[in-house]
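The two complexes that follow have chain A in common; it is paired with chain B in the first and with chain C in the second.
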Partner chain A sequence: MSKNVTELCTLLVEKEFGELAADVFATVAHVGRQHLAGLIRASTLTSKLFKHGLATLLQFQLVLQSELEEIAFYEVSWEHAHNLGRLGKIARLVEGRYGQEAGEIVTTLLNSGHAKVSDLAAAYGKIHKKADVSSTLPNGTTIKHEGVNGQMTSAKKAISGDASNDDSAGNGGEVGSVENSNGVTTNGSAIVQDKPETYVESDAEMHAILHRLLKAGWIVPVDQRDFWPLSDQRLDAEAWVLDHRFEKGKPPKGPKQVQALHRHLKERMRQLRDQGLDFSTSSIQTGSKRPATSSALPPAKRARTNGVNGASYSKAGFAADDGVLLDGDLVVRVSPEKVSVAMRTEQLVRLANRFIGETTSKVYRAFLQLLEEQLPRCYDPYKFVDPDPDPDKIVVVIDAKASVVRVAEVLDKSVDLYDGLAENPEFVNGNTKDGSDTLVNRGKLVERHIKMLSEDPRHLASWASSRGISEWYVEFPRLSKYLIQNQIEETVQSRFERLGMRLLRLLHNKGKLDEKQVASLGMCRPKEIRPILSQMQAAGFLDLQEIPKDNSRHPSRTIFLWFYDQDRVRRLLLEDAYKAMARILQRIEMERLAKLEHIEKAERTDVKGNEDKYLSKLDKQKLREWSQTELKLLVQLERVDDLIGIFNDFRGP
Partner chain B sequence: MAGRGRGGGFRGGKSAGGLDFPWEHDPDIDQYLKWEPDKLFPEIEPTIPAPPTADELRSVYHSRRIRDMRRAGPFWATGDLSKRAGRGAGGRDNKGNDTFNAFTGMETYSSKYVPKKRVLPDLKSYPFVKEFFPKELWDVMGISDDEDDKKKAADGTKPPPKKRKMLQIAKANDMSRLEALEAEAKRKADAGEEDDDDEEKEEEDGEGGEEVQDDDFEEDESDGDDYNAEAYFDNGEDDFGEEDAGGDDGGYYE
Partner chain C sequence: MATPPPPPPDTKASKMSKLDQLYEKCAALPPETVFHQRDLADMQVTDDSNGLLLIIQQMVASWLMLTLQWDGAPCWKIRPREVAAAMKTLVKEEREIYLAIEATGTQAIWTKSLKSRTGQISQTVLNKTLKHLQAKGLIKCISNIKFPTRKYYILAGLEASEDIVGGPWHGDGELDLDLIDAISEIVVRYVEKESWVEQKSAVNKLAIAKKRAAVLKAQDAAAANQPESIPDIESTPPLFRPYLGQHGFPLIPQPAGYKHYPTCASILDHIVGSGLLNNLTLQEQDLQQLLDNMVFDGKLERMGAMGYRTVRGAAAESRGPDDIGIANGFTEAPCGRCPVFSQCEEGGPVNATSCVYFTEWLARNL
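Moving on, here comes the complex of A and B:
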């Protein structure tokens, strides 16, 4: 891995796990695949310290171990290490899709790497027990949890006293009134006496949430193989394939057999990866009374709370009585691949918002979130490919599609679908009367929005079939490329003005051109573009190819062609992004050191809880300054991470 | 930049360095292109980033929360800090310089309240899934070998009673210390004003506006380290009165 990635990952490990783990990680990253004794020899740490650090890293799969030989070999996992920069984002994305309870469980999982379901249940069970004993409040005391600017989930719930009747359908209306009428009082006058220790109310609910996240692919079962490096997984699969698919003692020979080997290998890898997800083998669920809902959004028939932007919904959505009970021995973790899928959704919704409109972008979000559930990862290296396709047929493989009715079902009712469409009904502001709010009608409106998406020059959606009512899909690989190009253009524009971006687009469109052609196609004088082209070449966005007309290679007898290589620029910007992230983390540390005196004072055990008494005005001001500086830097970190998503994670190799 | 290697020769005119190029030489171009090497620290005009969106604030809130949980959790460990350059006290860095800072490094009375840095992660209290870990690490992880246990049972020595190991879980709304401080500051700032609209308040205070849900600051603090089962901090508050009365420890430094 490149120097920048190594630096970034080491800093991320240090941020999350402290210096010991970072030192161990740096050693393993530096030395490469090595056994324990070799690693300890290479590091400055003592054996005891090193082993502790290594165990921590293994728990989070930041280091993988190989057990194919008798001695265990260790290797770092860049994928998991890089994901450490996304923890907040993961929690936010899950929370936005599945509610606060799910966000909490995912946070717990992120915080423990992987965990057994039984251990999770025990930890939550302990809390629930405590809550039952301590709860002395009168029934129906409602507590409001407010998200950022009131936009996120505002989950309301009766505290554990009457938890049992909480998930009834009547909750919807009641909760709505609470929010509108007493919302301010509940929050403002601080009757909040007993804040719940956890949003997850019961074991059953925990199992239901886990099951739902499993089905959607946000969390995945872990087995021994997940702790092996990819090379070991391949070797293992290869040995199996040679054993089972070929004659013993006869390694495959000739191009045909080698091709067959590759095909079988792919198949085996896919099979091993997905076997844990096979719900029919009942290794995951034991005793599901009825299938849990598989949608990211609550089914339309259920009563919904009127959340602000529809991202929130009542606890009834999780229906604690779903009766799903996961196997206690099942080990789960958050899937790092799924996160990119959700990040891609965010980026595409942003595109739709920018180029088409807000309402359409909301429809698009609902549509993409439906597709998300069918897509465990952005790019599947082991995807099944027809070995000898029929040359006469053009086959479009659609991984995920959704019908407009489904979109209309899951779309928040408060979205005014007439907004952004050319024609408006006679009532303004989408006041819904006369049955115009029926599902069929909304489905038709949704279809018009999706058609707008597909008619956009970027073709954000594509038509799949019209079985019953129309179904649509999204060409993700093409759009991922578009996102990359779009991002490169934006970067170039901010560095080299509009003209630079225009030239880059021109070259992207036309291929290799000499200077005169660039000038004439770009409709500017050669004098204008020359400095910009040279600067862009120096920055690495463009390059020059020399084609000698004869063997003398004399410059006057040489043609010079400008060209733009998207993949090269992508890699360039990706490295820049890694470096930028590392610098931001270092900057945070520097800013912390500058205010260390005040931060450490606030952390003292006598000061904690008595801040008013012991902290001076200056202390408080410095702490506030530090908090705001850190906030700005962390926000920037999030943004650079979005870039890494675009440049690296949405696309295949 | 074909003529670059020839240095000044390029500037001469149409034929740069005696070579004919297929393009005309443009004397103006020199003002755009710098021929000298880049400065090590070029002056960069800082761009001002756009204000954070609600989603970004929420992400940051979560990442801070997870980090705070980690710091209180079993895996956070600093290792032997004296080995790391520029940190700790009494140690030496890579170059052999003493890392002790005479200005801030001296022990004071109040340093007894400074939470101790944990050198080793507290792995023994964590419920590991032992099948996933190589046996060579089991001893530091507090995992007992079943076979060993069986042997001991055969010998007649009882294995030590096993305590149920607990996962650390995310609590509903634990605010960090700094957030709590901010919330408090905000409450004070707002105390004089009419607090009729929540949104307005949050718009005013763009930075601190995240996750201010529980104004009861004191209570929050006491609950804040609730999940810290290992009692990581030596709780100095209990013996505070006694020690202070003794007086021979010197003054009370802050």
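Moving on, here comes the complex of A and C:
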């Protein structure tokens, strides 16, 4: 991994788990795959300290452990490390979809990496009962609750306490992470919400929420293999494939067999990955009633009760009359892949909002969230590919689709669907609004919005079928590419004015052109575009190809062609985005140090709860400045992270 | 072509020389007409062909006529009398150059090709001669859009062909950017009117008012220094500000299945119909070039194979300053626009801790 990613991930680890963990993480990242003794040798830490740090990292799957050989080898997991920068965002995304309680549960889960359902329930109960800010993990490491995720530090809490009400003074025991959900919003609207304190009433309710999250794929059961590096997972799968799919002792030979090996390997990897998901239904016990929360989600399917799980049912011992009950021993974690899916939804909704209209974008959001439930990830590397496709057949693979009626069902009833729809000329006499707010009628209106999305030049939706009900899907791979291009264009526009963007789009559309062609097609003067073209080349957005007319390679006998390589620019901007995120984190630390005196004062146990008594006017002023600065930087951090999602996570390799 | 004097009345014809009679008859026809011997004979100025040839010879010698070739047979064109008179005063080289320029017609000729075509004339002589000819008003200098640095010469009375001066978007050999801007403006306004609907309903005004109230409330809250209430750098989120049409109502897209998005042809009709073009002739392919370019510029977008729609807010942008500010998280942060970002490194001369751009940016809107 590049220097920038390493730097960013190390900073994120430091923010979340403190210096020791960051030190260990940096060592493992720097050394690469290595056994424990080798790592300790490469580190300046003592063996005891190093192991201590490593344990934390393993718990959060930030370092993966290879167990294929006798000695364990360690490797960092970039995906999970980068996800540390998204904790606040994840909680918010979940909260927006499944309510505040779900957001809080996910936050609890994120704070412990992975957890048993029973532990989760206990820990969650604790949040609301215990008066201790820092939660203690099973392995004894204390989590530092600091701002990366938009979580409020205690300093900030102090301020919000004295500015609005004495909320933090009253229940100072509430973990900062619970509050993080209402601080920052993606679209940047300033919403001040005073959310009432909610408690998950019972374990049963908590299980119902967890079940919904499991079903939607937000949380997934943890498997032994999740702690292995990807290469090990592959090796393991390959050994299995060689054992079971090929003759013993005869490694595959020739292109055909090698191809078959790859196919089997993919299949095996897919199978191993998805087997946990079956587990999620089989380990669920359903009671006599279905959960009452069927408005936003399809009612949970009744799982078959088989003998094995029947045993665990009685073991769990929860009163089951409220519906779903999960196996208390089930270990779960948040799926980072699902987070990308939700982030993609946010970006696509943003497009609809920008190019079509607000109401339509709300319909689009509801539509995309329905699709989300059918999509565990943006891109499946182990997807089944027909080994020898019929070239005459055009195959449209639709992974997820939704009908307009379903969209109308889940869409917030307060959305005025007539808004944003032009009067249909067929009903000029004004009887479009026949007033009936029935589901059928709303479905029709939803369909009109979705048709508008599909007719947009970006084709945000595509027609799937109309067997009785009209169904639609979304071409995600194409739109992911569009999002990349769109972000590149916006970056270019803000750096090189509109003309730069125009030239980039021109070259994207026409391919390689010499300067004269660029000028004539772009309808501008050559002397105007020359400096912009070369600046854009220097910044890496454009490239120049030389084609000599003869062997002398003299400049005057050479054709120079400008071109634009989207993937190159994407990679370039991705690196820049990682670097920018690292800089923002460093700046936050620097700002914190500048106000450290005041922050530490506010964090003192005797000051807490008595802010008005002990904090001077200057203290309050400085603390206010600090929290605003931090918030501003954190929001920016999240926005840069959105960009990383677009450039890296939504697309396949 | 200089307009020939009106043909003298027939009564005077007998008093004129046969040469003049022939010239006037030729001049009565449209300029640039090519005459074959048969055409001239049909004018019945002379009694026999020998007489005619004699007169033609005289005219050629006095520069009133120009000999050309057509399928091996000779044919002729007349020159204006003033030009012929001027040519009489020219020296041999000047005449040679004039003939070379004349031969290229509306295609004009580059000085270098002129030099090679007229043989071994030195550069200085050529320059002097060209200057002299220009002073006499026989030729003019133009520039070619394909080779903007080269000097081209053409007869004073001719207009260079379109591939040299470059269609309606060019003026004086350069792109007429003002014209392009003006036409783009008309196009955007027209296309927006045709491709978006202004929503004139009270319900919606209410919605805007609600949104405005929400935004204002948020701003008030920000002013009251409540830290949680500043979730973003901009207190007014750009996406929630509806794009307004020409009458101040929010714009909504035409319903799905709308068939009447403006096409290149209909936009051209509108421009021509508006009468703003004066004497400029605009062809569909010229306009197509402009439209393509406006698509690249993010002002228009294609709807289907033929139609166009304005990108939401494109017209509002040209009406007022661009306050819709579309930027991503990267370019809004100081790093995205940092001129020394590549040197930025922890512990280096440029770093996040001592960054002046961050300080400046953080000081804004706090």
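Here is the rule we go by: the second predicted complex is superposed on the first by the 521 of 653 C-alpha atoms of A that agree within 3 Å, B and C clash if a C-alpha of one lies under 4 Å from a C-alpha of the other, contacts with A are read in each partner's own complex, and residues count from 1 in each chain.
By definition in this document, a contact is a pair of C-beta atoms (placed from the backbone, for glycine too) under 8 Å apart; a residue touches a chain by one contact, two chains touch by 3 or more.
In this text the structure is predicted, and so the values were computed from the model without any measurement.
Enquirer: Looking at A:Arg530, would you say it contacts chain B, chain C, both, or neither? Reply first, second, both or neither.
Expert: So A:Arg530 only meets chain B here.
Enquirer: Would you check which partner chain A:Ala260 touches, where first means chain B only, second means chain C only, and both and neither mean what they say?
Expert: A:Ala260: touches no partner chain.
Enquirer: Please indicate which partner A:Ala42 is in contact with in the superposed arrangement: first for chain B, second for chain C, both, or neither.
Expert: Touch status of A:Ala42: no partner.
Enquirer: Which one hits more chain A residues, chain B or chain C?
Expert: Partner with more touched residues of chain A: B.
Enquirer: Between chain B and chain C, whom does A:Phe355 touch in the aligned arrangement: first, second, both, or neither?
Expert: Only chain C; A:Phe355 stays clear of chain B.
Enquirer: Where does A:Val635 make contact in the superposed view: on chain B (first), on chain C (second), on both, or on neither?
Expert: A:Val635 contacts both chain B and chain C.
Enquirer: Can A:Ser627 be said to touch chain B (first), chain C (second), both, or neither?
Expert: both
Enquirer: For A:Leu235, select first, second, both or neither according to whether it touches chain B, chain C, the two together, or no partner.
Expert: neither
Enquirer: Look at A:Thr108 in the shared chain and tell me whether it touches chain B only, chain C only, both, or neither; answer first, second, both or neither.
Expert: Touch status of A:Thr108: first partner only.
Enquirer: Going by the contact rule set out at the top, does A:Ala602 touch chain B (first), chain C (second), both, or neither?
Expert: Once the two structures are laid over each other on A, A:Ala602 reaches chain B alone.
Enquirer: Under the contact rule defined above, give the chain A residues that sit at the interface with chain B and also at the interface with chain C.
Expert: The answer is residues 184, 187-188, 190, 192, 494, 526, 624, 627-628, 631-632, 635-636, 638-639 of chain A.
Enquirer: Please output the residues of chain C touching chain A within their complex, sorted ascending.
Expert: Listed in rising order, the residues are 148, 169, 174-175, 177, 180, 197, 199, 203-204, 207, 214-215, 217-219, 221-222, 225-235, 237, 239-240, 242, 250, 252-257, 289-290, 292-293, 296-298, 301-303, 309, 311-312, 326-333, 335-337, 341, 344, 346, 351-353, 355, 358, 362, 365-366.
Enquirer: Could you please specify the touching residues of chain A with respect to chain C in the complex?
Expert: 7, 156, 159-160, 163-164, 182-185, 187-192, 350, 353-358, 360, 416, 418-424, 448, 451-452, 454-457, 487, 489-491, 493-495, 498, 501-502, 505-506, 509, 521-526, 573, 576-577, 579-580, 582-584, 586-587, 590-591, 624-625, 627-629, 631-633, 635-636, 638-643
Enquirer: For the complex, which residues does chain A have touching chain B?
Expert: Residue positions touching the partner: 15-21, 23, 36, 44-46, 48-49, 51-56, 58-60, 65, 67, 72, 87-92, 95-96, 103-105, 107-108, 110-112, 114-116, 119-120, 122-124, 126-127, 144-152, 184, 187-188, 190, 192, 195-199, 222, 224, 227, 331, 494, 515, 526-527, 530-531, 534-535, 537-538, 546, 554-556, 558-560, 597, 600-609, 611-612, 614-615, 620, 623-624, 626-628, 631-632, 634-636, 638-639.
Enquirer: Can you tell me which positions in chain B touch chain A when the two form their complex?
Expert: 1-2, 19-23, 26, 28-29, 32-33, 47, 49, 52, 54-67, 69-70, 73, 75-81, 83-84, 87, 104, 110, 113-115, 118-121, 123, 126-129, 131-134, 136-137, 139-141, 164-173, 177-182, 184-185, 195, 198-199, 202-203, 207-216, 218, 221-223, 225-226, 233-237, 240, 254
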